[in-house]
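In the part that follows, the structures are each spelled out as structure tokens.
Consider the two complexes below, in which chain A is the common component and chain B and chain C are the respective partners.
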Partner chain A sequence: MLVWSRSGRLVIWVFFALIFGVLFLAPLAVILLSSLADQWNGVLPSGLTTEHYTDVARGAAWNSVKASFITGFLASALALVSGTWAALSLRLQGAALKRLLGLLFFIPSAVPSVSVGLGLLVAFSHPPLLLNGTIAIVMIAHFVLISAFTFGNVSAGLARLSPDFEQVASSLGARPAYRLWHVTLPLLAPYLVAAFGLSFALSMGELGATVMVYPPGWVTLPVSIFSLTDRGDIFAGAALTMILVAATLILLLGLERITARATGS
Partner chain B sequence: MSAAAFTGSGVTDIDAAKVRGAGSNVHFDKVVVAYGSHVVLHPLTLDIAPGEILAMIGPSGSGKTTALRAVAGFVRPASGRIRIGATDVTDLPPYERGLGMVVQNYALFPHMRVEDNVAFGLRAQGADKALIGERVKDALATVGMSAYARRYPRELSGGQQQRVAIARALAVRPRVLLLDEPLSALDAQIRRNMVEEIARLHRSLPGLTILYVTHDQTEALTLADKIAIMRDGRVCSHGPTTDLYRRPPNRFTAEFLGRANLLPVTVAEAAGPKGFATARHGDAVLTGAARDEKAGDKSLLCIRPQHLSLTADSEHTNRIVGTLREVHWQGELTHLVLDVDGTPMRVSATKLPVALPERGASVPLFFSPADTSLLPEDAGV
Partner chain C sequence: MPPAALLALLFFYPLALIIRQAFLDDSGVANAAEIIRVLHSRFFLNALVNTVTISVAATAGCLIVGLVLALILAFVPFPGSGFIARLIDTFIALPTFLVTLAFTFLYGSAGMLNSGLMETFSLPAPPVDFLYSTWGVVLAEVTVYTPFILRPLLAAFSLVDRGQIEAASVLGARPLRIVRQVILPAAVPALIAGGSLCLLLTVNEFGIVLFIGAKGVITLPLLIYGKAIQESAYQVACIIATINIALSLGLFGLYRLAAGRLGA
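What follows is the complex of A and B.
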């Protein structure tokens, strides 16, 4: 404990509540209120209604939820497989190569997502790689943007994994594939689930690249929200945002429970 | 009782009792291990006989764990060969060597129950269910952990986890059991109990060849048939445990194994038919067990702290005088440090004179010639 005095701790808590309230809770609260606002001309809405939720549910909202979920799930799964593969392979390389390839993996996350979208649009607009207007290009955009995070998470997990586990397994006669499936991956499970959860959350909120490449009929939630607010329909946009937040939260809580059960924590 | 032995991934039905008696020898043939240009194990040639416990001991960085890891297949020798039984395993992957391994932090798989941990090696090798069940039961019974089969490792104490780790290694009926500092993570009391349990275990599995790496000389002395003392990537002495302890061949062995006192002497008269030579330290004329020292040789007289006495009797015929510097009471033992002409002499006494001399007082020390050993002063390491 860094602060021992009661008054000192109280000051720290008030400071924390202020920062958390202003930076995190206030924007979410405003969106929540907007999604339920009948009219909002003063400090607070003049009345509350669930009409915006009914409206977006009647419209293309569920298609957007479906598109976001499928995109998020597939891109995260792909990123998890490739990120895990890359982390496992890089572990066997020399320190210099490991550092270099690790850095390369993180480059897409340092590039603005709009640029990634633009790059994909140009790269895949000519045969034989003609993917413009397909769902695949949306998946690829999300995969490129989130794979660095899965790689980072799995690498961190591998770095904390004692080599003794795998060595003991080998000495007992476990071949590499058996060892990977029965020892390495189960021990990495918390990191894999966390990597998947983070990737999924990032994918669910991704707008910059998606808006450049999405085809008609595959409008993700952030694109729908952007379209609605761009048209001035703030309340409907807020309702969709709350659906996005709730859907992502439910999935992440579910993943956390799975991890807790798997690790016995 | 029907059981199976594993050679590589093959399973052959044989009699369990025979497997238990069928340990393999391990042979290091000029094995060198290097990381780049840094040699961590200099040419090592060493044999471990079937059913023998060889303890490799030495300070950190002496190469003992590297030697074990070379047998396990986790480091590849730069040159030399390693044979287990009749098989040259130098180029075999670890999973084809037929070993069992226990490490310091147990490395029990946390997501598996105790019984699944013990069954792991057998399942990995494709053994049939009935055999796995039988072996798991047998291995857990051997280490006294049958009642804990359904528990997870996190529900066990450190000592219990180490027992399970041993059971897991035994369940595959290894040709050689590799123990890498297996008790280092345990507290002193549990460690003492575990040393006794491993000794008991080896008595019940006399054919099991064990390579035991430790930095703890007590574990080595208690368990090992032979000891190899490592220093700077080399074996500086190797031999039967009692021989190394009683007749250390060099200064490092004498000091590392039991913290012996080494008194500089000059041989006055070579050993007679009984093997005792006469040597001088200042004015004191001392008798000590000798090898092939000649008159005039500069030697070190090795005397263990517990063999020095403050009181004379018919056996303790050697006498030197030192100045008492330190007294440390440790309950059942009292440790004294005396200065004998600039050489510190440690005494571990269970019985002391009623009136202990004051610090700075001259104190005579007595010891028996049979409890000494002369070793050459310039015996390298």
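What follows is the complex of A and C.
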């Protein structure tokens, strides 16, 4: 405790509430309010309605919810497999190679997403690899952008794993494949789940690369929200943003509970 | 290693092609003069200055807000402060443009703040007009990227010896002096690592700038999008992208250096 007087603490807490309220709470609250707003000409909306949500559920916007979920799921699954594989095989390498390759796996997270999209457009717009205009190029863009986060999460988990269990398994005569499947991966499971959840959330909110490469008919949620607000339909945009936020939070909270149960904490 | 091969094909190969394309015009003929022209052009220099200004200002804002919030959360805790810290942490997973959209409702020309001020003081025009400028982008980025400072700071603060603070305070040191002499030295590595990560992320930020949609506020990522998608000028887009990537990788190196020292 740094401040001992009661009044001093109260002043500091009010100050904290002010910063937190203006910077973090107000934006979320106002998006929620506007997604339910009927007409909004004054300080507060004149009435509340769920019309924007029903419009969104009926219209083309529903397709973008589906597109985002499928893209997020497939890209995260691929990133999980590739990230786990990379982290596991890097563990067997020497220290110098490990550092170099580890760095290479992190670089995609440092490059601006728009440039990742541009690179894919330049690389895959000609045969033999003609992917421009397909759904696959959206998945690839998301995979590239989230792969560093999955790799990072799984590596962090591996670093914390005690090697004892694996050594015991191996001294008891377990083959490498059996050991991987029955010892290492189960121990790693909480980190895998966390990695999957984070990359799914990042994929759901990805805009920069998607806006460069998306084909007509595969409009993800963020792109759809942008085109709605760009057209001036900001209330529908807010409703769709709330759906995105709710989906992300449910996903993260659900996965957090699974992880907590698995680790028994 | 298949994952490395996959990443090489899907990421490093396209990256190399961007650099190659920067030297070729859109019909495939070598044209290096275009690079000089772009580098001296007004739109590029303007975007570069905007990007750097926004990034530095937003990072400074994040450092200040993050430090203040972390100090209160760690050393003047209140009931529920743990929950609040976790709540701010979830902002990391939310899409960045959400904040811009919210700011339109809050501070836009027809937003809550302006309507309130106009009604109360019967003003003819909206008095608050910072949203569609550099400062609107900076404020939005401070909201979005402060959690990235808060996280390492709270981790660093949890290692500070509480007994030391209590001893200093019993000996009569005032809170500001304790912050300066006991707490801040422990926070410096976290501030450097978090700050360099913020610089990197704000240079790369796209959604916030796109959603604000102000004509005068063009940054490098937005310029790449504009040139490639709206004007189909791929060589120009690749030239700008090469420079943007170089800038980002430089900042990434800085971050790794700072984070490596933090871990050591």
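Note that the second predicted complex is superposed on the first by the 245 of 265 C-alpha atoms of A that agree within 3 Å, B and C clash if a C-alpha of one lies under 4 Å from a C-alpha of the other, contacts with A are read in each partner's own complex, and residues count from 1 in each chain.
Please note the rule applied: contacts are C-beta pairs under 8 Å (C-beta built on N, C-alpha and C of every residue); 3 or more make two chains touch, one makes a residue touch a chain.
Only a predicted model underlies this, so the values are computations on that prediction, with no experimental measurement involved.
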Which partner, chain B or chain C, touches more chain A residues | C
Looking at the overlay, does A:I19 come into contact with chain B only (first), chain C only (second), both, or neither?
-> second
Scan A:R9 for contacts with chain B and chain C and give back first, second, both or neither.
-> second
Could you tell me if A:A123 is touching chain B, chain C, both of them or neither one (first, second, both, neither)?
-> second
First (chain B), second (chain C), both or neither touched by A:I140 | second
Please indicate which partner A:I31 is in contact with in the superposed arrangement: first for chain B, second for chain C, both, or neither.
-> second
After lining up the shared chain so the two structures overlap, which partner does A:H182 touch, if you call chain B first and chain C second: first, second, both or neither?
-> first
State which residues of chain A lie in both footprints, the one left by chain B and the one left by chain C.
-> none
In the complex, chain C touches chain A at residues 1-4, 6-7, 10-15, 17-18, 21, 65, 68-69, 71-73, 75-76, 78, 84, 87-88, 90-91, 93-99, 101-106, 110, 112, 115-116, 119, 142-143, 146, 165-166, 169, 175, 178-179, 200, 203-204, 206-207, 210-211, 213, 220-222, 224-225, 228-229, 234, 237-238, 241, 244-245, 248-249, 251-252, 255-256
For the chain A and chain B complex, residues of the former touching the latter | 162, 164-165, 167-176, 178-179, 182-183, 186-187, 189, 262-264
Per the touch rule, the chain B residues reaching chain A in their complex are 6, 9, 72-74, 93-105, 107, 109-111, 120-121, 124-125, 152, 154, 165, 168-169, 172, 178
Across the complex, what residues on chain A touch chain C?
-> 1-4, 8-9, 12-13, 15-16, 19-20, 23-24, 26-28, 30-31, 33-34, 40-44, 82-83, 85-86, 89, 101, 103-108, 110-116, 118-124, 140, 143-144, 147, 198, 201-202, 204-205, 207-208, 211-212, 222, 225-226, 229-230, 234, 237-238, 241, 244-245, 248-249, 252
